[in-house]
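The following blocks contain the structures, represented as structure tokens.
Each of the next two complexes has chain A plus one other chain: chain B in the first, chain C in the second.
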Partner chain A sequence: MSTRFSVVSKPRPASGFPLTEIPGSTSGAISEKLVQDRYRSLSQSVSDAPKKESAATLEQKLFDALVNAKVSTSHVAMHLENEWRQRLFRQLDSLMAIEDWDASDAPLEGNSFSTFLRTILFLRPKRAPGLGMTSTGEIVAAWTRDQDRLTMEFGNADQVRWTLSRVDSGGRERAAGETYADRMEQVLAPYFPDRWFER
Partner chain B sequence: MENNYGRPPITEAVVEFRLLAPVDANLVQRIGTSFNSFYPRSEDLQEIEFQIGPAGAQTRRTGLVGFKRTNVDANEIVVIKAGSLNIAQLAPYPGWDHFIERVRRDWKLWRSKTNYRDLARIGVRFLNRIDIPHGAGEVTFVPKDYVLVGPAIPEAFGDLKAYHVNAVLRSEDLRADVTLNSGTVESPLLKHSSLLLDIDIGRIEDMPKKEDDIFEFLEAVRLEKNRLFEACLTEDSRKLFL
Partner chain C sequence: MSVVNIPHEHHVIRYASWTKLRKDENDNVLGILPDALRLREVETSLSTTWIEWFDGPPQNQYLNAVEMIRRTMSVSPRGGMSKANVGNLRELCQTENVSIRIVHEPTDENDAHASIRRLPRDNLDLLELLAAEAFTETILNRDLP
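For the complex of A and B:
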């Protein structure tokens, strides 16, 4: 017995809202589980592919990670201000530019990015953070105000590692911890996070 | 009507044109390339065949079936296959006028490349996700407080934790079928619950052939979609989109 399906061979981010998996009618071609054999740029010369294989693979991985991050963002875009979203995309484009990429680093982890989005939409900082990435592909957000700095590193399944350093009349205070995104508000409250989050 | 909301809950809007007779694979390739300037990113769509027999399951790739192309922000999508063209918009939804302008542009290009073949179906689908914040200490909610589509279940069963409803209805005015899906879905937001409201309107009879007639039909579908969408919502739901 032979049954024909269309399937997605490429794993999608573990969290986020899998709209394209909803069975349906009109967007059947989009809703169907389709093999993403590979993203590719049509402008790329096929004859260049063998000699640039490793570079092409890295480029493809970075591209996949970037598209996944942007699609994840689209799932919650109605809750993000346009300016915020556009800034985020510019940061992502810059973070994953192949020209500046160290080949030993891992591309952006979809689960980490999902935790980042969930945390940001939960805390709703008015100031956008600077973004960076760890060598393992986890996204890092940092807010700096004068000498005060708050950094969050986003892991899988809503885990957040944070460090902060602030100066007040009593001198410098440092703190660090690891918690879940939905606890960040309480965890940061003693350190008056508005100094980082307010414009 | 969707433009009246500051934060429309539309997560995906799709217009589909389906051909009566598919085009050949070479033409699909050429059509895909012709969309390059609008959608610079391309992804091959392959089909895989599963064979299940006494020796177990085997899979076999059967070939390229089309292309999915996206813009730089990955929220404008076109899917080109031998038998269909799908034009989709992910959130943020820019409004119907903007969306239908892109649909018209892509349709014109596709029709010229497919040599104006007859259509078998025209459909419009809007997927909405209603994100409902939990109140203080509250982790449950009553779906019918937000969406007036749901299952009828005797109270003896207790609290409703999850559901999915699928219904197909007829719109005689449009000579089209309306497919309605609604249910609970995983929320992408912390401390929220989410409901899906998915309205698909498709026509497979008396197919319009001329461009003006096709887009007149799409405009009529849009009005009907908006009417049905509003009919499914409660005031509490609408407040979430302001």
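For the complex of A and C:
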């Protein structure tokens, strides 16, 4: 049997990130405020990123995108395990290596990366995803366990497009949808995401 | 020139750059991502190379197709050559009520060029299905002779 669901969240204003509670983060009002401050800082760092000169070389653009991504990560580093953060940096270095870059692709979009970080902080997966990118500069996270696949594409303004397929005794089940970073945990819950997120 | 539909039992190769490859957390390559099959704004069909257009035994046909891609595209050592069966591609699309056409459309550079037409521009679910169940054999360019 094969079942498939497609879920699309209702649109909501793109301006400003909803800084709601982060599951698994340190509890308490002070900690919550700290997290919110960090997120504001993260958003600010992206919007303040220097505009790229049109004449900038591809190498410069990739370098700038890589640095911006690492700076953004450093702003929330206290919420990431050291091993997780170091692995992410290695993956980003690998992903944006100029020798493998398709010159027709856009460099990593800072806002897409912010959405990725926020989603990771909400989901807190113990197992890191494999990383990829779309031609338009959106980062992609992929978790694969045997035949079970979970893929997320991170847009600007907190949007996440996702698709999954999983196999159990009832056959293959597929689902896809579009939602927001702070909703991913609830959206994935019926599909037992620990199969992807646990080590 | 008449349009040649590529037979069901034949195969095509799609080149996917490093960023379009599905990897695990240690960068081991597992296949391709849906975006490897997503049409860009300027594209109306998905470009592939028809393996059986070349003569010889299957392995020679495959390697000749790879060589054609290398000659006609900018490829990197960590780019992936991903192979799909044409019939499987059509059948998977039909399960989603999408009727694609896979036709031989030679270009000035690539005589074995094949186009996948009528592929929805932005159906992530379908593209993921094709990435997972049609393009099932992906080999890094650097690992091929």
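Note that the second predicted complex is superposed on the first by the 143 of 199 C-alpha atoms of A that agree within 3 Å, B and C clash if a C-alpha of one lies under 4 Å from a C-alpha of the other, contacts with A are read in each partner's own complex, and residues count from 1 in each chain.
The rule we apply is simple: a residue touches a chain if its C-beta (ideal position, glycine included) is under 8 Å from a C-beta of that chain, and two chains touch if they have at least 3 such contacts.
Keep in mind it's a predicted model, so treat the numbers as computed, not measured.
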item: Greater chain A contact set [chain C / chain B]; value: B
item: Which superposed partner A:S74 touches (first chain B, second chain C, both, neither); value: first
item: Touching partner for A:N82 - first (chain B), second (chain C), both, neither; value: first
item: Touching partner for A:W101 - first (chain B), second (chain C), both, neither; value: second
item: Touched partner set for A:R118, first chain B, second chain C, both or neither; value: first
item: First, second, both or neither for A:T163, with chain B first and chain C second; value: second
item: Overlap of the chain B and chain C footprints on chain A, listed as residue numbers; value: 4, 6
item: List of chain A residues in touch with chain B within their complex; value: 1-7, 9, 15-17, 19-20, 22, 24-30, 34-43, 63, 67, 70-71, 74-80, 82, 85, 89, 114, 117-119, 121-122, 158, 181-182
item: Of chain B, residues touching chain A in the complex; value: 7-12, 14-16, 32-33, 36, 40-53, 61-62, 65-66, 68, 70, 73-75, 77, 79, 81, 84, 86, 88, 90-93, 123-125, 127, 129, 131, 179, 181, 185-191, 194, 196, 198, 200-202
item: Of all residues in chain A, those that touch chain C in their complex; value: 4, 6, 87, 91, 94-95, 97, 99-105, 127-135, 140, 142, 144, 149, 151, 153, 161, 163, 165, 174, 176
item: Chain A partner contacts - residues on chain C that touch it in the complex; value: 17-25, 27, 30, 33-35, 38, 40, 74, 76-79, 124-125, 128-129, 132
